[in-house]
Amino acid sequence: MQDPLIDLGFARVDTHRAQRTGDPEVVFAQGKSPDQTVHIMTTLQQAHPDRAVLATRVDDRTSRALQDSFAEVRLDPVGRTAVLGPLPKAVGQVLVVCAGTSDLPVAAEAATTARVFGTEVDTISDVGVAGLHRLLAVREHLDQANALVVVAGMEGALPSVVGGLTGVPLVAVPTSVGYGASFGGLAALLAMLNSCAPGVTVVNIDNGFGAAVHAARIARNAR
Amino acid sequence: MQDPLIDLGFARVDTHRAQRTGDPEVVFAQGKSPDQTVHIMTTLQQAHPDRAVLATRVDDRTSRALQDSFAEVRLDPVGRTAVLGPLPKAVGQVLVVCAGTSDLPVAAEAATTARVFGTEVDTISDVGVAGLHRLLAVREHLDQANALVVVAGMEGALPSVVGGLTGVPLVAVPTSVGYGASFGGLAALLAMLNSCAPGVTVVNIDNGFGAAVHAARIARNAR
Amino acid sequence: MQDPLIDLGFARVDTHRAQRTGDPEVVFAQGKSPDQTVHIMTTLQQAHPDRAVLATRVDDRTSRALQDSFAEVRLDPVGRTAVLGPLPKAVGQVLVVCAGTSDLPVAAEAATTARVFGTEVDTISDVGVAGLHRLLAVREHLDQANALVVVAGMEGALPSVVGGLTGVPLVAVPTSVGYGASFGGLAALLAMLNSCAPGVTVVNIDNGFGAAVHAARIARNAR
Amino acid sequence: MQDPLIDLGFARVDTHRAQRTGDPEVVFAQGKSPDQTVHIMTTLQQAHPDRAVLATRVDDRTSRALQDSFAEVRLDPVGRTAVLGPLPKAVGQVLVVCAGTSDLPVAAEAATTARVFGTEVDTISDVGVAGLHRLLAVREHLDQANALVVVAGMEGALPSVVGGLTGVPLVAVPTSVGYGASFGGLAALLAMLNSCAPGVTVVNIDNGFGAAVHAARIARNAR
Amino acid sequence: MQDPLIDLGFARVDTHRAQRTGDPEVVFAQGKSPDQTVHIMTTLQQAHPDRAVLATRVDDRTSRALQDSFAEVRLDPVGRTAVLGPLPKAVGQVLVVCAGTSDLPVAAEAATTARVFGTEVDTISDVGVAGLHRLLAVREHLDQANALVVVAGMEGALPSVVGGLTGVPLVAVPTSVGYGASFGGLAALLAMLNSCAPGVTVVNIDNGFGAAVHAARIARNAR
Amino acid sequence: MQDPLIDLGFARVDTHRAQRTGDPEVVFAQGKSPDQTVHIMTTLQQAHPDRAVLATRVDDRTSRALQDSFAEVRLDPVGRTAVLGPLPKAVGQVLVVCAGTSDLPVAAEAATTARVFGTEVDTISDVGVAGLHRLLAVREHLDQANALVVVAGMEGALPSVVGGLTGVPLVAVPTSVGYGASFGGLAALLAMLNSCAPGVTVVNIDNGFGAAVHAARIARNAR
Amino acid sequence: MQDPLIDLGFARVDTHRAQRTGDPEVVFAQGKSPDQTVHIMTTLQQAHPDRAVLATRVDDRTSRALQDSFAEVRLDPVGRTAVLGPLPKAVGQVLVVCAGTSDLPVAAEAATTARVFGTEVDTISDVGVAGLHRLLAVREHLDQANALVVVAGMEGALPSVVGGLTGVPLVAVPTSVGYGASFGGLAALLAMLNSCAPGVTVVNIDNGFGAAVHAARIARNAR
Amino acid sequence: MQDPLIDLGFARVDTHRAQRTGDPEVVFAQGKSPDQTVHIMTTLQQAHPDRAVLATRVDDRTSRALQDSFAEVRLDPVGRTAVLGPLPKAVGQVLVVCAGTSDLPVAAEAATTARVFGTEVDTISDVGVAGLHRLLAVREHLDQANALVVVAGMEGALPSVVGGLTGVPLVAVPTSVGYGASFGGLAALLAMLNSCAPGVTVVNIDNGFGAAVHAARIARNAR
């Protein structure tokens, strides 16, 4: 059995997590120095040589540090993710649906995460509720997924409309897109928490990562 | 010219308002004693004998006091309104659209107000966004109105969807229907203020009256 | 094909919902009169004779009205639910875990809902984080479920701890249990949204119903 | 009939909107790259060759990109707008009234928007309530407009005073002008939502665009 | 010299306060039992036999207890005040101006307090900003006072308008009159704190007492 | 060794807590039925026959149920506490200092709790900062305690003043005493969290219990 | 009689204000361009040649522009004020008391404003409540002033303590000094609004100007 | 006896504090100029030549100024502290426990402070609740300390878990680590205030200093 943690001094890497939860720890790079992120990624890759490891909220400086250390790292500057190592076989499908062009970074973080956590991913963008025909045109796609991640800022109405069209398990992601009384995504967050469509669940503002982890776990275990 | 105000001691009735704004003062009965409301209604009716006068937020005690004083008063216990005197000729049309059964009191207050302020009114209820076909089934009605009052609680998504379907001027009314993180209607209010449909304007939580005054002024002046 | 909606005047019952989402509409009885709830339940039962229909937030007066109208109604005074008609075959399993005795009503609402939505349900109560051994003693149960509903008030820490122990999809329900700076469940809600355990999703305060709908849809479709 | 949407990859341009609502889609440039804004403007102009198209929240970089791509673009650095193509015939009149010098950018956004949406526009500035004679001096202008857009920061009192002087439909725009307990415009927003003048409707903080869309729709349809 | 405090067990009455600040302690009766209020009033009256003592927030039960104990107590059921003992000679004048009928209890508390603290008081009511002529009709009164207490709920605009008409020191009192997004007087409080009229100071919501203490101290010391 | 928990169905009583933390579990009676509280108290008393057990937030109905079940229960109607069994030997001293008469219930809860948790307790009441001489008169008492619990509502200034006079470890308890912009104790809570006196720690609003547990643990272990 | 306003295009300078309120308009330079501030100052100085005019919130760029335009301008870089023209004769005295070194900019703005508005000013700094002896050492100064401006950040306790020591009219100024749960001065603002010392009035966060205007009007009119 | 304060003009250094509270004043360098901090440190060191003096929130510019003035200053760039002079003898032990790598600066501030205030300090980092085994592995350390400082951001659950494992007095420090609905540490703060573990006390967000002062006072006085 693997050592349950590796103490790097500044961090106790939880190398036991994959055994407990099925997936390795992920590095939240924001608030960490580029060196710290490189160090933890090295540790995680060594602990999980046959499984992709992921860092999120990777800024430009950390991207360069990762490229310097790992020739094979896959970086996504839109979604601010970094992936190292072989992707797992994809089982099931997650569909990421997003309301507007400005929500794309959060959708991209979700898409990469879901793939690293072991499912197929597809993304449909710019189907906000002020032009319903855009959403109705892709309605049949919704029912084919095993789990939905629905991303929206401003008034956050999209999950309610999607949740009324299909019974596929749905996670809503409020984004900080908006201004004034959006209060950094609070308006969308509250709207999603009060959705009249039954079964809508919600994650933190801009948390594409968390929504995708949940959705991937549903999808890869679905019939 | 009429006296610009009548001093009742506890109130200075603004009998000049109809000249300035086209409509008599309205009594907001909440926070006033039944006697005070009766007194102000009497003054308003005398100042405007050929025009209906309105009281809103009329509770049971005030309703009884009004019935005792005015045999001909028209009370609506759902919308909590009281009307005295002849209705003006109706010009134009306001359509009140509401999301759920629990929003009906606010919709009723809006409907009565719009009629007293001089327009025809029609109401469509229970067309929440979790069952879009209910709204799409009445879509043609939306374009025929001169102004829309759209009432919704919980996540307050209905105005965004309606505002994407039609260019008729639209006033959104958030209601206090909901629980938990609805915070007494705050969630719906914020959602409506952040609507991605252009041109949606908003009034205070549960303020069917204010929305209808605005809508009636649009409708009665429309081509 | 069934008529997509039945207009009761005060409500447009969405009889098409089961076709779109797999489950009939549910009555949120709070804010509706006992008569309105009875009326909608009658309509739903007629539209879905071979499938249980559910009402939530049923208070004492509505309970009595339902008993008077439906001899066979199953009422749960703790969870404030009412169920009419045959339960569907249970597929998969949802586990409801709750932190304290005062959270039991929300847990009960979740348990009844999950059963009506077609899964087995088990409940583990009073395993708050201030006595970790109580939770660790039931740890093996967690991994056996297809979906978890984790209910907690006050500081809302339980989902983070459970989410670190298992990779089963987890929905957290903040409750309004607490006082002072709990602000009616806001503290627990914020804590759950900020969970450091990846994949935790959240519903509105006291919304056991919504969490269970989501969890049941996961469980009944799981391998 | 026109194609209902054009898929640019990062955006699904809603070219059907003018048919549904009477006006083409508008580009909210904030949060979009200069290239994205140029791209969408090109698409919109091609879809609506005989009608002006508008971008709002245009910063310096996007302004330069637009000038490089469209020699004929009309830029307003105060209101941060860009307009391409022939203005529609102006019908009716919108009057923009603003409280202070610092509110001018929001007023300018409103003025340009109203003109693009098909009405005449006039602006009266710096008539804050602490010097009432400034407002009373322009009182007669108020009644001549078909719709009013009233812009104010700080305590947001101007719409209440204007709304007491005239019955012209009025949209209030709170601005983020202020400091401390203005909380980025929240104080003005709340004040306007609680206006004692009947019929005042409100839009998001600094949303001169939304207010003007509403006002233009009223004015161009007024008798 | 007087004893600086008298210990009643449940309270340490600050009998030294008049020496330090010029006025005896006042009993805030809310949250105290009728007995406790009677007891403290007795102590204060004995310590200040030649000076009126005041209790505020006196409810019905405490009113009756005070009447039973002190035949000569002067009660005001509107302002919820109780006064015992001889009023001081009135020096200077405080003018209380209030926006609406529902604000009268707060205005009455202010008026009684100012008189007990040693000034003449006059009250002008129902001069809300939606009917400016009502305020302009009493404009000359404003300049004659030594200090103004301006009371308003809802959007709280009245102090800004009054503060623009006169340079008399002005204290604004927000009231809890309103609903929805008034949030119990928060909207009026924020508006008054952000007043564009220079020199407006503010007290807690519904705190007519505190405003009057400040105003009386100004007025009785004015030339 | 004792069984680590006793499962009552509705509760898993943590009978292992005294071993882990030195003190038995305490019953928070609010939100529990009188029967549930009696049941848990019985279990706790049996598990800890030689140690007092405590219930807090005991209302009238639960008080009567406890008296019916336990002849020897000691009830404090002011602090809303119930104690069963022999008090531990008192070691060290906690001093409870409170600002006003209305804060006494919270102070009483703290005092009873500290005694049950094994220290001597003394209480000084009504020493609010608006009459500093009342506090300076008891200054020498402050230094003699091993830990201080300082209770205040409204502006919550007392802990800052006390914390500047002595270096004894200090826990501040904000109370919900106040109105308007006290927002149920939020003002006092924020003030205490921002205290300029170093070392002030804070507990939840009205949480006299929690403050006393902390203080007692300090005092009983002090030299 | 003077012209009541001068229209600069971007501003309507209220040259009538001195007649109404006794003092010329003041320029709030924040949010205005250096040119606009210079322009308005020029207009004000011409309208009031024998009276000092004031600009507040003057940043470095505006300071240089003012120096370039007016050789005789007096700038205070700490308080960010600019003064032009002869100071009025000082009548009465305002005392500015501030809690900490970081509050000095707000205190300096208050001091300059009070002097421009016609009173003597004295300042006492760094007398925070965590070292009461610092305040008690200057106690006699407090009673000698005609009005007090008390400036404090963090927990904002100083006005309550000062207001308990003296009956001189007191205006409290919360500052944005603090971090975390000070929320930009909100904690101090709420504390001051809830002061247990009677008669404390409050202005906006960091609004030394407004407090000083109020205090100067009191002082210059005092006996 | 020492002079109770030294007036530096911009600051009144409270040199009497060590006599009252046992410890010298500490410089909060944020918001002070480097010169001011150097000046106050010089004064404190002269007043307390045999006792270490401390500055917190020391940024890079102030660090350099301190190094230029005091060759022997000990700077910690992580915790942003500066220490001058001989450390006191360490009595008792404080244990600082922190949840994640990003919380280390707050933990470091706490550790330095506790040492300067006279106790031994040990730190355990990165033991967040999503990997409980990391905490359980160090469980025995917890009981050996005299006081605990528990530092966590995001959902702030760690103090509840630690507080359930041990009865050692515990101070919780919420950090601003997080994003979105963490609202700058508010989520963690509220969670800690609502902890279900009895006796958890809380300080301001990121206030490692305050927590350590409290903890050191407990530890150095413990048996």
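By written order: A, B, C, D, E, F, G and H. Residues from 1 in each chain.
What we mean here is this: a residue touches a chain if its C-beta (ideal position, glycine included) is under 8 Å from a C-beta of that chain, and two chains touch if they have at least 3 such contacts.
None of the values given here were measured: they were computed from a predicted structure.
Engineer: Counting one step per pair of touching chains, how far is chain G from chain A at the shortest?
Structural biologist: Minimum number of steps from chain A to chain G: 2.
Engineer: Touching both chain B and chain C, which chains are there?
Structural biologist: A chain counts here if it touches both chain B and chain C, which gives A.
Engineer: If you tally contacting C-beta pairs, which pair wins, F-H or B-E?
Structural biologist: Here the pair linked by more C-beta pairs in contact is F-H.
Engineer: With a Cα-based fit, what is the angle in degrees between chain E and its identical partner chain G, given to the nearest 5?
Structural biologist: Angle of the fitting rotation, chain E to chain G: 180 degrees.
Engineer: Using Cα averages as centroids, what's the distance between chain D and chain E in whole Å?
Structural biologist: Roughly 44 Å separates the two chain centres.
Engineer: Starting from the mean Cα coordinates of chain B and chain F, work out the distance between those two points in Å.
Structural biologist: Here chain B and chain F have centroids separated by 50 Å.
Engineer: At least two other chains touched by the same residue of chain C: list those residues.
Structural biologist: 17, 130-131, 163-165, 180-182, 186, 189, 193-195, 198, 204
Engineer: Which chains touch which?
Structural biologist: Chains touch in the following pairs: A-B, A-C, A-D, A-H, B-C, B-D, B-E, C-F, C-H, D-E, D-G, E-F, E-G, F-G, F-H, G-H.
Engineer: Contact residues on chain F for chain C in the complex?
Structural biologist: It comes out as residues 4-5, 10-12, 14, 16-17, 30-32, 36, 174, 176, 184-186, 189, 204-207.
Engineer: With touch defined as at the start, can you tell me which chain H residues reach chain C in the complex?
Structural biologist: 99-100, 128-132, 154-157, 160-161, 163-165, 178, 180-183, 186-188, 190-198
Engineer: Residue numbers of chain C touching chain F in their complex, please.
Structural biologist: Chain C residues touching chain F: 101-102, 104, 125-127, 130-131, 133-134, 137, 177, 179-182.
Engineer: Taking the touch rule as given, give the residues of chain H at its contact with chain F in the complex, in rising order.
Structural biologist: Result: residues 17, 20-23, 26, 146, 163-171, 189, 193-195, 198-204, 209-211, 213-214, 217-218, 221-223 of chain H touch chain F.
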